[in-house]
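Every chain is named by a letter (A, B, C and D) in the order it is written, and numbering of its residues begins at 1.
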Amino acid sequence: MTAASNVKIRDYWAFTSVTLKRCLQLGPTMAKSKFEYVREFETDDTCLPHCWVVVRLDGRNFHRFSEKHNFAKPNDGRALHLMTKCAQTVMEELEDIAIAYGQSDEYSFVFKRKSNWFKRRASKFMTLVASQFASSFVFYWPDYFEDQPLLYPPGFDGRVVLYPNNQTLKDYLSWRQADCHINNLYNTVFWALVQQSGLTPVQAQERLQGTLAADKNEILFSEFNINYNNEPPVCRKGTVLIWQKVGDVTTKEVKLPAEMEGRKVAVTRTRTKPVPLHCDIIGDAFWKEHPEILDEDS
Amino acid sequence: MTAASNVKIRDYWAFTSVTLKRCLQLGPTMAKSKFEYVREFETDDTCLPHCWVVVRLDGRNFHRFSEKHNFAKPNDGRALHLMTKCAQTVMEELEDIAIAYGQSDEYSFVFKRKSNWFKRRASKFMTLVASQFASSFVFYWPDYFEDQPLLYPPGFDGRVVLYPNNQTLKDYLSWRQADCHINNLYNTVFWALVQQSGLTPVQAQERLQGTLAADKNEILFSEFNINYNNEPPVCRKGTVLIWQKVGDVTTKEVKLPAEMEGRKVAVTRTRTKPVPLHCDIIGDAFWKEHPEILDEDS
Amino acid sequence: MTAASNVKIRDYWAFTSVTLKRCLQLGPTMAKSKFEYVREFETDDTCLPHCWVVVRLDGRNFHRFSEKHNFAKPNDGRALHLMTKCAQTVMEELEDIAIAYGQSDEYSFVFKRKSNWFKRRASKFMTLVASQFASSFVFYWPDYFEDQPLLYPPGFDGRVVLYPNNQTLKDYLSWRQADCHINNLYNTVFWALVQQSGLTPVQAQERLQGTLAADKNEILFSEFNINYNNEPPVCRKGTVLIWQKVGDVTTKEVKLPAEMEGRKVAVTRTRTKPVPLHCDIIGDAFWKEHPEILDEDS
Amino acid sequence: MTAASNVKIRDYWAFTSVTLKRCLQLGPTMAKSKFEYVREFETDDTCLPHCWVVVRLDGRNFHRFSEKHNFAKPNDGRALHLMTKCAQTVMEELEDIAIAYGQSDEYSFVFKRKSNWFKRRASKFMTLVASQFASSFVFYWPDYFEDQPLLYPPGFDGRVVLYPNNQTLKDYLSWRQADCHINNLYNTVFWALVQQSGLTPVQAQERLQGTLAADKNEILFSEFNINYNNEPPVCRKGTVLIWQKVGDVTTKEVKLPAEMEGRKVAVTRTRTKPVPLHCDIIGDAFWKEHPEILDEDS
């Protein structure tokens, strides 16, 4: 934070070790060198090459967090959109993320099969994702929760999982989306029973015990006049983030012929940004429509 | 985030898998089960038992961050105190941290040798430390940088290193404090040359090339009338965080005899809190004074 | 080795732990239980699912071994065939090996992508391959080295490497065969210079320094009348072991009509065995001819 | 095996890669270079420094092996002594083994805490132990089984376990010796009931179900007049191998005064060898008697 700032020292560590080496040879500071051996206890956690690297984050104790911050049940739109804003920030600030998928209080980030970011060290991947997501969560909170101050800074746990080919990666993402569906259907009925029919949570739970998806759809329709398929896609499908070209219309000064000098001109500049979708990713259609995501050579 | 909140479901996963199992037996939702196999790609990253588990965090691109936020050179007190506030939050929110040490834009957290928090999974340790630190950094920023708004949410990378015994752990902490000393001495002279003598950064760097600690002390004293040993300990030694009993005087209603009914009474309650020290931890004195930190049975 | 042999105790460990548990409750042997905790220091080394698992073995100090046992230079046919016999034994005694490739004092064994042998534990794979290969090497030595007694038992080191798809696996095997070619061409010229031209090893080495494959071929042809392409394929290409159906003609007693009673009948039984080939595996032809080797579903 | 043998090329790999690099620059062999990338799939399995590295071997399918080779029940002395001979060979041929312990068909080898053999790579440790043990088993078999030919080459599986300090290492060895005791006591009674009382194995097993150590001792004493404590220590305690000075009397030509010229002289030369003991290693006495084994600086 306080290193000699204008000097062109690209790698702070390189700088440090040069300093250390200088000291080793000479007198009073020599003693310090004897501690350097502790670096050998660091282990190599390089991810197997040519595998998809997935980092999945989960909110820590978000059950309590959602209660303390009065989240709407069964889904709080503000929270879901804040989560997606954080995921977009992660994709833009970090390197080589090909796609992300989120639902409830979790988000998965998929790094490119041939990414060599930080030499594919698993600890770098997961801590940079976790910390960037968490700092963004606090940073962007006021944009989504205008009337609800943030009471304390939340934590997120993360893990790295490797998938050796496209099929296993797609199955991973399908697993998460299937999980979203199952939980959201359950929660939708559960909260209808509680909020609209006045059941206690225990009664609602008992009512749902042993029911199938079809049963739950039926309850929603016959008792609450809810067609589950008309519920918001963000709740039913979660959020997929993929890179897409976005046309920004910006006003910019450009060099113009003499007679037009001094005027400003609207220029359309295309950029690539992480765009949220709420579509099915279990079937083939999504992957056929976006072949570049899994294309090994992109 | 939106799970049935008043129902006593302690483990969200347990709940999910019960739901899943229910679905497996029965018709249309059966298909989902076929994705469950992807969980087998998760690997076990349990830390070797009976070893000290160190998580070290480093600010990502903090060189740029410190410039953008106009940090004072060579040390910015606000930044150092914010870092320590975040580290205290980590110690309080997470479990089993015995001691922490920080300097510049890095902080190391030492989990107890016999901690079984999250079954000693390395990924849990490092992502929860990184995310809690990062969210706290943004959350507490305004308390330390009143006139300087935070421009963007920063990232922190982390790693886990195991030390099998007290000696190697102490040598690890000594290594970090020695690093603090070397860098701070260098930076102190460097910025004196730049800010007070008007050298360019390149000239200052050339002036210091090949100099020893003694040479740098001499430059500081003869040219700038600075006795390096009188520089602030927080800069020279970094910050050690250990658990200490703190007496809080709180005013509390307590049950009193009838004649004193209704009055409030000042009560001294002792709590244990992470307290910052700026002392030497390389020599034996510190460890002799605080034997409980490394005591295997505590 | 001496466990109660006719009793149906399938799992020796299960048996031990039952015994241990019994002891824990009761008196003098209770103390033993306190050591059980050391099992928690064992780590999980499961190989990532759906990846090819390669175990490569190398002879330890085989330079010295070949000298002590008077191996012919540049290639000793007895040694190469013994190595292949050991590799065949490994393939027959262990499970799920799809293909093996050997050259010089090394052999690589490829376990099927979806093998679940010993729950894919890397340490099981590599130690069982190494020990079975080594015990076979001594066991079958006399069949290949009739006049040359084995002077001491040799060692082999092994490692596990994972390849996530067919392309990387084929490239691994190509790498080994390319290595075979380069070394064998060098050694063929080197030993011709030493054995036939009377150069010292140092002179031969100097002569070859900087030469290309074409140069070495030219030396062999013009000075020794050797067409390298006519050298034995086992030396130029190494040995590939694949499973092939082999017709065994065996004489066997079978149930016959009364009038033929007591006679023996020749029966052709087909079995699958590891068969050695000395062909190119770098080009596509081999893999097209044997698609079942890499077929994910076989 | 067939590398240019008199040339001083210490590292075969180094040699290979020099050859390869030479080829990369130049024409027709260039293609080979494209396979080199597969080496990056190898992972680093360095053992944590300053920890005891234990390699434990177990015979594969030794229940069947012992039957096929007519091992005596409950213990076969020839087999136990062959196992120990193999373990001694491992200790002499490999580096840095401080102590070994064996019982039944298993052997554990403990590498020194500060060993840097093969850069502490776990795969090297376990495969070299497993292969050296297995080749020795076949090699020395005829010395112990004169009338019993070896029918097939056996396998051994191995694993690496790290212990961070002396206490955990001693507890590991105690665990194995306690296991030896429990199994041997059981097997001794079991086989007495089968061999001397004519019980079937199932009857013997039922008879022993639920019995404690004291019960088994009582059965042995009252029914078979066996005092378990007088059973051979090798069976009750297993075998500890430690390095001890051994005086070898060798006949050697030494330089002598003129009047004695040409005569040979018996010389006592001391060497250090792995010596078998059958003593208790659970109590403190053994470790106090041999402090050099665990001494960190030896």
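Please note the rule applied: a residue touches a chain if its C-beta (ideal position, glycine included) is under 8 Å from a C-beta of that chain, and two chains touch if they have at least 3 such contacts.
Just so we're on the same page, UniProt names per chain: A, B, C, D = tRNA(His) guanylyltransferase.
Being a predicted model, the structure only gives us computed values, none of them experimental.
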Problem set entry | Most remote chain, CA-based centroid, reference being subunit D (tRNA(His) guanylyltransferase) | A
Exercise. Would you say A-D or A-C is joined by more C-beta pairs in contact?
Worked result: A-C
Exercise. Using mean CA coordinates as chain centres, what's the subunit C (tRNA(His) guanylyltransferase)-subunit D (tRNA(His) guanylyltransferase) distance in Å?
Worked result: 23
Exercise. How far is the middle of subunit A (tRNA(His) guanylyltransferase) from the middle of subunit C (tRNA(His) guanylyltransferase), if each middle is the mean of its Cα atoms, in Å?
Worked result: 45
Seminar exercise, completed: When centres are defined as mean Cα positions, the distance from subunit A (tRNA(His) guanylyltransferase) to subunit D (tRNA(His) guanylyltransferase) in whole Å is 51
For this session: Give the residues of subunit D (tRNA(His) guanylyltransferase) that touch two or more other chains, as numbers and ranges in rising order.
Result: 41, 43, 48-50, 162, 168
Exercise. Subunit C (tRNA(His) guanylyltransferase) touches which residues of subunit D (tRNA(His) guanylyltransferase) in the complex?
Worked result: 1-7, 12, 16, 19-20, 22-23, 26-29, 32, 34-39, 41-43, 57, 59-60, 62-63, 65-67, 71-76, 79, 89, 93-94, 104-105, 118, 122-124, 126-128, 130-140, 150, 152-163, 168, 171-172, 174-175, 178-179, 181-183, 186-187, 190-191, 200-202, 204-205, 210, 212-214
Seminar exercise, completed: Interface with subunit D (tRNA(His) guanylyltransferase), subunit B (tRNA(His) guanylyltransferase) side, in the complex: residues 48-51, 162, 164-165, 168
For this session: Please name which positions on subunit B (tRNA(His) guanylyltransferase) make contact with subunit C (tRNA(His) guanylyltransferase) in the complex.
Result: 40-41, 43-44, 46, 48-50
